[in-house]
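Working notes for the structure below.
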Amino acid sequence: MSGGDGKRGEPRVTIGRRDFFKVYAAAGVAVLEGCRRRDQELIESPARRSTALPGASVWRRSICEQCGAGCEIEVRTVDRLAKKIEGLPSGFVNAGGVCALGHSALQELYHPDRVTEPMRRGASGELEPIPWEEALETVAAAIAEAPERATLVSGSPSGPLLGLWRRFAAAVGASPPIHWQPTDAVVERAAARLAFGESTRPAYDLARADYVVSVGVPFLDRWRSPVHFGAAWAELTADRRGKLVQVEARHSLTAANADDWLPVRPGSEGFFARGVAGLLLGSGAVGEEERAAYEALYPEAPPDLAATAERCGIDAGRIEHLAAELARARRPLVMVGGSALDGENGVAASAAALALNLLLGAVGREGGVFAGVDFGFENRLAGEAAAALPPAALSDRLAGEGESGVLVVSEADPLHGVPGLEAAFDGAGTVVALSAFFDDTTSRADLVLPVQTDLERFQAVEPDPVHGVPALLIASPVVAPRGEARHPGDVALALAAAAGSALPWPGFQEAVESALSDAFGVTRAADDDASDPAALPAPLIAGALNARQFVRRTTDAGGLVGTGEMRRAPAALASGDADEAPGPIPDPASLPAPSAPAGVESFAMIPFESPKLGDGRGANRPWLQELPDPLSTVMWGSWVEMASTDADRLGIHTGDIVRLTGTAAEIELPAIVLPTVRPGSVGVPVGGGHADYGRYARGRGVNVNALLDPDRRVAGAGAFARGDVRVRVERLRRPRRAERPVIYGRGLRQAEEIPVGWAPHDGGKA
Amino acid sequence: MTRWGMAIDLDRCTGCEACVVACAAENNIQTVGEEQAREGRAMHWLRIERYYEGEFPNVRTRFMPVLCQQCGAAPCEPVCPVYATYHNPEGLNAMVYSRCIGTRFCANNCPYTVRVFNWFDAEFPAPLDSQLNPDVSVRPGGVMEKCTFCVQRIQAGKDEAAQEDREVMDGDVKTACQQSCPTKAIAFGDLEDPDSEVSRWAESPRAFSLLGDLDTRPGVVYLSGTEWREPAE
Amino acid sequence: MTAAERHLVEAAFEQVADVRAVVEAALESGVSASQIEVRSPAPLEEDELPLPKPKSRVLLFALAGAVFGGLTAFGLAAGTALAYPLPTGGMSIVAGPPVGVVTYEGTALGLILMTVLRVLWEGGLLPGRAIRSGRGRASTFDHHVADGRLLLRVHGLTESRAGQVRQLCRPRAVALG
Amino acid sequence: MTSEAQRPARELDGELLGRLDRRRPGLFVGSLASGALVLVFLYCWGYQIANGIGVTGINRPVFWGFYIINFVFWIGISHAGTLISAILRVTKAEWRRPVTRSAEAITLFALAIGGLFPLIHLGRVTIFYYMIPYPNSRMLWPNFRSPLVWDIAAITTYIIGSALYLFLPLIPDAAVMRDRAAAGLKKRFYAVLALGWRGTAQQWHSLEWGIRILAVAIIPVAVSVHTIVSWDFAMTQTPGWKSTIFGPYFVVGAIFSGIAVLMIAMALLRRGLALERFLTDRVFNNLGLLFVTMSLVWGYFTFAEHLTVWYSGDLFEKNVHHVLLHGDFAVPFWTMVVVNLVIPVAVLSFPRGRRPLPTALVGCGVLVGMWLERFLIVVPALSTPRLAYSIGDYMPSWVELGIMVGAVGVFACLYFTFTQLLPIVSVWEMREGWRHAGSGEAGGAESDDAPTAVATAPAPGGGAA
């Protein structure tokens, strides 16, 4: 099930953003319905409560904000406590599914180590509770003192919230906030600007392609929406219709499920894309128009097969085979992301992979790649404020900030995510953390402001591009907030007011409502609650509306005519009148190959996000800690994946403690020897080794980010480069009892085979 | 008569383990902590078995969700001295926690090793206990447990159908794992009803029973387009 | 039994042969066999003394106990299955082999219990079942038995007859009373 | 029959009684030391009940561990006594006389401890009575299809039978103790035990009938007990357990370990109580022959068990077989083969090896070996389940070790106490034997306490198997 493309095979209609808003305007009232009441009122409303008998289940609709995917969920509540999260079957992105991380939002909500009251570091150095007003005034005063030296960091996936922080920064006179977002999001935009001339994240129509080459995209692990792409993958491969080829150095879960896995050398993905382009160009299967578009970007001759095979470290035959199949496929598609864009050459590499779609005619085509257009609500809330800065700006700012600045970190944990920031933090003046937990950053802060988690707050989310259809998801709170936690948006507004630069809204919800009113030209007073009861069954909370229903309602009302598909190709390619036409871009094939340090045997370390802990956000949930990693089956800790051949040579057995030595630091962790690791490389999951983050995460595992060099950047993107790090690996010892990795499939070291008996099913009769 | 059954399409399973967490959330399964998990005492009712075939770089990875197979002729049932596990009329291997004295005989006799044991009393530090499903009892220490096919959901589905004065229809009851599955690899329903989704899946030429030669007559059907071969020497 | 016949003679002997001689003489002198009781530290052979052989129905009771135990166990196992008809593991409601095993053990248990009960009953060893006419009562001469001697007790004698018996015993007895 | 012929018997009698009267400080020290182990046992069990069964090392998939191993081990040891003494009684082996009592006591105490282990093993021991059939408000009775309920039936029968089989022949000896004791608590205690035994002809007659019947009845019970214990394993689907040979294999193993412990106990008693006159070299020779026979029979069964598995090629069975013979469990497996088969045959095949000290040492080895055998039955099969993903391992915790060692203490404590309180050599049976010897044509009792022993001891092990 996919949203927004009701009629398959119809001629594509591209709509400009302005038209799009017009189309949606008629349905504005429906959206506003979700914004009518304040959260507490909603929960305490006698009318609502009458439906909720003691002990009876009430299902409330909400948005999952654990990542930026924008899965729509229903939350089962009993006696006003949240019990269970399920995917909304009509969900725009998830169509009923929820991932492991999404389920665990309940344990975030009810975590025993939540921050529930504002705290300030007292004279003793301990954090002590203080009243909200005092906390706000303290922060506001600090910002007002030297606003130009204030640094804001926001990690929320919500676009409108980021817009609000931008507005806040502009109002108080601080520099624009730093958007603490995944590397992919930053690099993809930069690469799309190069390849497609528009800096929108590409949206991939995986489900309707028939031959997909995924260059490093771990879309079944944790990338954008594993739920959506899982379903799309199932559709792609159903009845062996389509084929997925994973081109990735590490054997990720996606590689494990792919029909073919090409374990290219880490960092050589761009070279690989260029090599494949060369084969395609030479195959005669490429049309003139596509050839011209491609060669406009890459005037140089692509590398030949032998050079590609050599650089990528894989069999030339396999590359040739892949190119031949690509050329033959009816609806081929090349995706790029994950480890392909983690390295310093990430932008060039992913641009090269994206550009393959030009060769294949896959841009704007069904089963191809589209422009992942935002709804624009970030900007509506931000007004004229300057754009947010990329993550790497943080260490630049901290490095140059000097003593007395204020650092406000909202819903982000940069200390865990980036090495070397510790020292810079010491230099920063007052550190203010808006957080629900004492994570690495928060526990280091001078002031801690408790914020609400997903299910406690009013939500307005522009999801990551999945369908290529812009959407805004809105939901009311599901349960009352714990303790004194507040909405981070409300905190921003209160801070602005306290700093004497009050913004025009009393709260975040009103800000979103106001933006919707502006967008659709309707008044907030409009109310059609009674007009369409079927769409909102009584037990469901009015207010969680998604773009899909929005469209349906609009369609029912006759407001949306002849839509066809609403997604579109990147503007530059579709209309040809973009501001910046794509021109020649850096050829990754011309970049020098990374050289191994001489003398010591070094491994390419691939940090990766495991499906369960992600970037570390999931590390504080017991469900996720005790969830076995699907491939290594490790629970409760970090590990390093090694190839059997390397392990044999170094005398390492599964469970042995090994030391990884990088340029600046070393870490010790248990080895897991797998037959799927590319020799010469090691994989280490990120997200472990929190200095704090509640009882389930504290000190659990190892933070692999310690090995990264904070000065390495993805060129041209403002993101930290974490790919292709060279490390030395040595065996330390057999593990002590308490060090042994917790391996769920304990027998796997003895039996790698499948002992499964066959028999036809007989209906299970007794 | 109803025979509850489940079909799992291995060709659609990505091994993402969303079902495993969904199951824990629905069924109040305790997390045992690092030390206990290291001892092999993690309590997942549903596990994703991962197997590799072949050598690098031509390794094939297989995932197989394994849960209680709700056998028609369940080896776990006769060995229980106190009828704590028994066969209910709808084909479920029901567990009566309050009767279980913890001999663990049933677990030894389960060819699928899907039974898990509460080695200690469950701990849900407040307010994590706010999340507990009121429809499912929290098991005390010393008691065996396993997948119930979300029997509380089956009961809820029946109650709802009874209130609406109708039979339980296919699709009325969804297990937590099935509901959560992003790729819709799980079907659940009545195997006696030839029109149910699960029956239709079970008719597939790809369908097979896990360890079928034991003739335990499982209520879980697996579908796979490629053969799961037995190990060589 | 009259008061005059209440005299009791007890004598401890080292050898069975001595007892045999005394018993033979006593019987000849008109003492009834039923008046004579010999206590020994170990079982005597059947023909060692010219006294009537004791009778025992232990075997009969043992067999009856076996039948009773077997039937009880069968009823318990089969009855339980019928009362709680749970077809576990695809087995039939009353599954033969398990019932057989339980019946087997029940049979053995019934047999053992009845055997012991009957032994105790016959030996007058059950509480409240003292043997009539002073037999089996504690004697001041019991320690002789404990030390490995034989104890001859002749009950229900008149005074004169008691004197006679004493005379018979005197030459051979280790102790006499 | 002359008085001269009786004199040695009187002397022997006096000597035996003298031994019973003597103060034995060694026993007292032994009781004290084993009493300390009893405290260890109680502490560990109490700790486990208070904290949960999780204080053990068992896990998934090794759901059964040391407790079940020790259960089988002790039940096996319990076959020392009742079964062996019953066989010897039924076959009228004269040399049984000094042996039976100590053997039967071993049975009773081993059985009591063995029967305790399944309870220790329970997840919720506080409601163990759910397994017992009696009318109750829960409206459910036990499931008689479960081998565990068969176990309860069999062990109950066996423990009652063994206790009575120990008790019946003890009544005359209790009377001896009663009559030799000075008035007081001690006398009252023995009086209660003696039940008013006077040694009348009727009492002896009934007692002999009773012993005869019990001896016959207890043999099939003993066989059934260890067969049913084996069925706890053999009735399952588990590879490595599902075996038709397990019934007789377990019975043979039980008798084997029973004889081993009997040999050790007799060597200790002979030395500790200076019973050389009664537990003669001849007794040890005879038991040694029985011992080596059982070793060979055990070896035969072990070979047959593993040969069939190896030959079958069954995938899952072979996995278990592999870890046993070549894998993680190879060291204990081959150790077991050495101490259970190689050493006994090498030592006991020679008359010099069948003397008290060597037989006792071999017995110690066999005890270790038979414990390992039970370990190798329980753990490898469980840790190698069909679905290889769940393969696991097992390491006992200190609680399990404490209870295991403590159980030995409980056994020793009970045995020392018994030995102190009651004649460990059956007085009346010895007297009976001397009388038989005295009346027989073979001559005086001093020449040999059991002249017909060899002739009347046809390999009882064969009967048991």
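Each chain carries a letter (A, B, C and D) given by its place in the written order, and its residues are counted from 1.
Throughout what follows, a residue touches a chain if its C-beta (ideal position, glycine included) is under 8 Å from a C-beta of that chain, and two chains touch if they have at least 3 such contacts.
Since we're looking at a predicted model, the values are computed, not measured.
Think of the whole protein's Cα atoms as having one middle point; the chain whose own Cα middle lies nearest to it is B. For the criterion of most C-beta pairs in contact, the winning chain pair is A-B. When chain centres are defined as mean Cα coordinates, A lies farthest from subunit D. Subunit C and subunit D have Cα centroids separated by 29 Å. Averaging Cα coordinates per chain places subunit B and subunit C 64 Å apart. Once the centre of each chain is set as its mean CA position, subunit A and subunit D turn out to be 67 Å apart. Computed from the mean C-alpha positions, the centre of subunit A lies at a distance of 91 Å from the centre of subunit C.
Multi-chain contact residues of subunit D (touching two or more other chains): 140, 142-143, 145-146, 149, 315, 386-390, 392-393.
Among the residues of subunit C, those in touch with two or more other chains are 84, 86-91, 95. Under the contact definition stated at the top, the residues of subunit B that touch 2 or more other chains are 40, 42, 47, 49-51, 72-73, 75, 78-80, 83, 87, 211, 214, 217, 230-231. If you check the complex, the residues on subunit C that touch subunit B are 84, 86-91, 95.
If you check the complex, the residues on subunit A that touch subunit B are 55, 78, 81-87, 94, 96-100, 102-104, 106-107, 109-112, 220, 226-228, 230-231, 233-234, 237-238, 240, 251, 253, 256-257, 261-263, 314, 482, 611-612, 622-628, 630-631, 633, 635-637, 643-645, 674-679, 695, 700, 738, 740, 742, 744-746, 748, 751-766. Of all the residues in subunit B, the ones that touch subunit C in their complex are 72-80, 83, 86-87, 217. Residues of subunit D touching subunit C in their complex: 1, 3, 6, 10, 13-14, 17, 133, 140-146, 149-150, 153-154, 156-157, 160-161, 164, 167-168, 171-172, 175-180, 195-210, 213-214, 217-218, 220-221, 224, 228, 427-429, 431-432, 435, 439. Put simply, subunit B touches subunit D in their complex at residues 36, 39-42, 47, 49-51, 66, 75, 78-83, 99-105, 107-109, 111-113, 115-121, 140-144, 211, 214, 230-231.
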